[in-house]
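The following blocks contain the structures, represented as structure tokens.
First chain A sits with chain B, and in the next complex the same chain sits with chain C.
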Partner chain A sequence: MNNSQSIQSEIKRFLKFFFQELKPQGKWLTPFNIITIPIIIVGLIILYFRFTEGLGSVTNLSQKYPWGFWIGFDVVTGVAFAGGAYIITFVVYVMRVEKYHSIVRVTVLNGLLAYIFYAGALVLDLGKPWNIINPIIGNSFGYNSVLFLVSWHFLLYMIAEFIEFSPVIAEWAKFEKLRKILNSLTLATVIFGITLSTLHQSGLGALFLMAKPKIHPLWYTEFIPILFLVSSIFAGLSMIIFEGTISHKVFKKLIDPKHHHSFNEIIFGLAKGAAISMFVYYFFKALIFVHGKHWDLLNDFWGGWFLLEVIGLVLIPCFMFAYSVRNKSLGIIRVASILSLIGIILNRLNISVITFNWNVVDKYIPSWQEIVVTLMVISCELWVFRWIVTRMPVFEKNKNY
Partner chain B sequence: MESYTYLNIFETKGLEYLLLMCFLVLFVFLIRYLSTDKEKK
Partner chain C sequence: MDRRNFLKTAAAISVALPNGKTKAENQNVEKEFYGVLVDTTRCIGCRSCEVACSLEHNLFVPDITKDNAFNSIRDTSEKQWTVVNCYDTAKGKVYVKKQCMHCWQPACSAACLTNAMFKTTDGPVIWRENKCMGCRYCMVSCPFDIPKFEYHEWNPKIQKCKMCYERIIDGKKPACVDACPMDALMFGSKRELLEIARYRVYSHPEKYEPKIYGEYEVGGTGWLYLSPVPFDQIGFRTDLGNTPYPEYTREFLYAVPLVLFGVPALLLGLNMLTERKNEIGKTEELNHE
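And now, the complex of A and B:
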């Protein structure tokens, strides 16, 4: 058999295998399906109207509020939650801490899907979605724009994460030679990916630098990019703890029993990292607050809201993480991770939506359609995640390798 | 004769330096706290 014939037969074999894998496995009537299927259907109907009638028909966006819930939650918050991928790959592949190797694949998959779905949701928010390609093809590059950096970084990082995850796909599809080649690319891709991440996590914050008159002074600072970068560390770590705890219950059968025991140790390690990064973040916030001399701003509603975010959802979870690491309490770690995730959501929404135009009377409030579409995006991501982990060797390496 | 001048810590960088020193001291304590395992102790 010559080379082209063998390639053709390999492709045929893969296509047959792929279509077999597309068939649903397990029960249809599960609580997860019952909740998510109606959300996805309603979301698709809303999106039909969004693309036929325009943004104004389903959202409360206007010329005064061109960026709403879809940008604030899906893009700005979702990308922070995906930060776990660059932290874990750095720890495992660069620092060589093997303890966390068992969670690399699932973390990278989470990061990849988060970028595809949440950054992909950007298409829904653009008045002319086809223009999304402009920064890439050079039609009005806009070199000086932060958006130029962010759009290129999103694209490159998605490619980098795909390459990092691709050995798993090759392993699943039984492409042995390809798997070896892709595996050899991992370290270089990881280093490239970390560089990109540090820049675009802070770049997302830099998008708001030009909105100084619009953002409440308690949240606006010229250090927003640094705050976004540091907060993405504990956002990512808290997300791994939260998602990992759920995955270990839902996909229990797919996980090697050995990993069940080591997983608790991994959680304590992640909680330690979260506590340290939250502590640093809290002092950054305190230093910026003192530097800005904002004492008088604490007396009104916004002051209380700021303290709730900084003390209630950063400092308290930080102490909870530290206490639970020392006392080996998984329950407290789980609660702390949820609190810190809420803190990140609140922080990102405070900057992009809630305190944006804080002194204007007619405030933007997202429409129910915007919220349903966001839930649809999350549901679709979970469906794809479930499909991949139940078919590909995500939780453990194939025993043949 | 020179008179005493009141140093307003809020107007100067004093408070920021104090905060930074507190951070450094507390950071050392945090790392030490996280490094010792209560169960092993």
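And now, the complex of A and C:
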């Protein structure tokens, strides 16, 4: 049998296998489906209007608020939450801390899907999405645009994440040779991916540097890029803790008991990392605050709002993480991870939406349609996630990996 | 050498190495940007410019006899590129025309990832439909909140004054300037306009504030304003600073090539270090391949 024939038969086998796997497994009327299916349907209807009647027909965006919930939450916050993938691949492949190896696959998968869906949500927000090819194919490079940089990095990073995850796909599809090749690419793509991540996590912050006169002075600083980068570390770690805790309940059957045990150890390690990075972040925030001489700004509503974010949702969860690592308390870690996730949501929304044009009278409040579409994006992601983890070897620890 | 300069130099080196020299310096053909001087002491609020602009660009033509527009402060919109507002001040009513300032180093075009927002060599900042992808980052970045977006179109445009770029190319003045019966608008190169503006302020100090708005603001703008009262009383933001807005992101962008080369090297180094450590530590059969 010559080579091309064997490839052909391989592809045939794969397609058959793929269609077989496409079929749903198990019951249809699970609570998860009952909640998400209507959301997805309504979301699609909303999107129909969005693309035929314009953004204004379903969103509350205005001339003063060109960016709303879709950018502020889906893209800016979603990408911060996806930071876990670059942190974990750094720890496992660069620093070679074997302890975390068992969560690499699921974290990378989460990162990949988060980028596809949340950064993909950017397309929904574009007025002329068909022109998105312009900055990609190169007939119009805006080299000095931060957004140009960020969008390119999104694209490249998605590819890198895909390659990092691809051995799992190859394993599932039983492409043995391919898996070996893909596996050998891991270190290179990991390094490439981490580099891209540092740049676009901070780049998302740099987007707002030119909005200097619009963002409230308590939040605007020339160090926004660094703050975004540092906070993406604990955003990612908290997300792994949060998500891992849920996955371990929902997908219990898929996870082998040995891993179940070691997962608690992993959580303590992650919590430690979160505590340290949060402290560093808090320290930066405090330094910038003192340096900016903003004491007088603390007296009004915005001052309280700022303290809520920085003390209530950074410093307190930071201490909770530190405390629970010492006392081995999983419960407190879970609460702390939720608090710090809320803190990240608040921080990203504060900069991109809430304190943007803070002195304008008609504030922007997202419309219900914007929220439903966001929920739709999340639901779709969870569907794909579920589909993959129930079929591909994501949770099992594989010795060859 | 401070950090900023260091980064600049480093970035310049990393970019310029292949062709040896940074070429921007050589090809600087001296061509002056055009602009317009608005003398608010001359403006009588007739709004001829609003009408002329809308007619020229097929926009919404306001009914200036009946619409009582001066009852509120209006903003330019996706339907009107320029509006005239009326401010009650200590020196009586002052009428102020508002439109794109045609910044010398525009935030909008630095923001634009497709170069759809574009500073022409003649001075006007124009918007090019076939390039724009509607991300609205220009709106986020413009310090004067000028670009406006058509939220109710399936194929939306960004709408803003383009200083009648086509007319300028044809050797004509912008439509609003031609329409003004009071010579409140004057078209010319920024150097000429500044001279005239200074002359007016010097010769009538009682009539003018000793300041030309746009001379230094946000790094200098193509449109310049004279006023009888301090500018914050006639709707101008005086807290924008004199730094060109693209400067705020420049440092970040300069750091990018450094990170792009530096971080992988660092990571690879770390990776090799940990390998050594692992070997020395315990000879476990950890299979990394």
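Worth a mention:
Heads up, the rule we're going with is that the second predicted complex is superposed on the first by the 396 of 401 C-alpha atoms of A that agree within 3 Å, B and C clash if a C-alpha of one lies under 4 Å from a C-alpha of the other, contacts with A are read in each partner's own complex, and residues count from 1 in each chain.
We adopt the following convention: a residue touches a chain if its C-beta (ideal position, glycine included) is under 8 Å from a C-beta of that chain, and two chains touch if they have at least 3 such contacts.
Since we're looking at a predicted model, the values are computed, not measured.
When the shared chain is aligned, no partner comes close enough to touch A:Asp296: not chain B, not chain C. Set side by side, chain B and chain C differ in how many residues of chain A they touch, and the one touching more is C.
Once chain A of one complex is fitted onto chain A of the other, the partner contacts of A:Ile276 are limited to chain B, with no touch recorded for chain C. In the superposition on chain A, A:Lys212 makes contact with chain C only, not with chain B.
In the superposition on chain A, A:Tyr93 contacts chain C only, with no contact to chain B. When the two complexes are overlaid on their common chain A, residue A:Ile132 makes contact with chain C while staying clear of chain B.
Looking at the complex, you find that chain B touches chain A at residues 10, 15-16, 19-20, 23, 26-27, 30-31, 33-34, 36-39.
The touching residues of chain A, when paired with chain B in their complex, are 272, 275-276, 279-280, 283, 286-287, 290-291, 293, 295, 322, 325-328.
By the touch criterion stated above, chain A contacts chain C in their complex at residues 51-57, 59, 61-64, 66-67, 90, 93-96, 98, 122, 125-129, 131-132, 134-135, 139-142, 144-149, 151, 183-184, 187, 191-192, 194-195, 198-199, 202-203, 206-214, 222, 225, 356, 399-400. The part of chain C that touches chain A in the complex is made up of residues 75, 77-78, 107, 110-116, 130-137, 139-141, 143, 145, 148-156, 237, 239-241, 245-246, 248-253, 256, 259-260, 263-264, 267-268, 270-271, 274-275, 278, 286-289.
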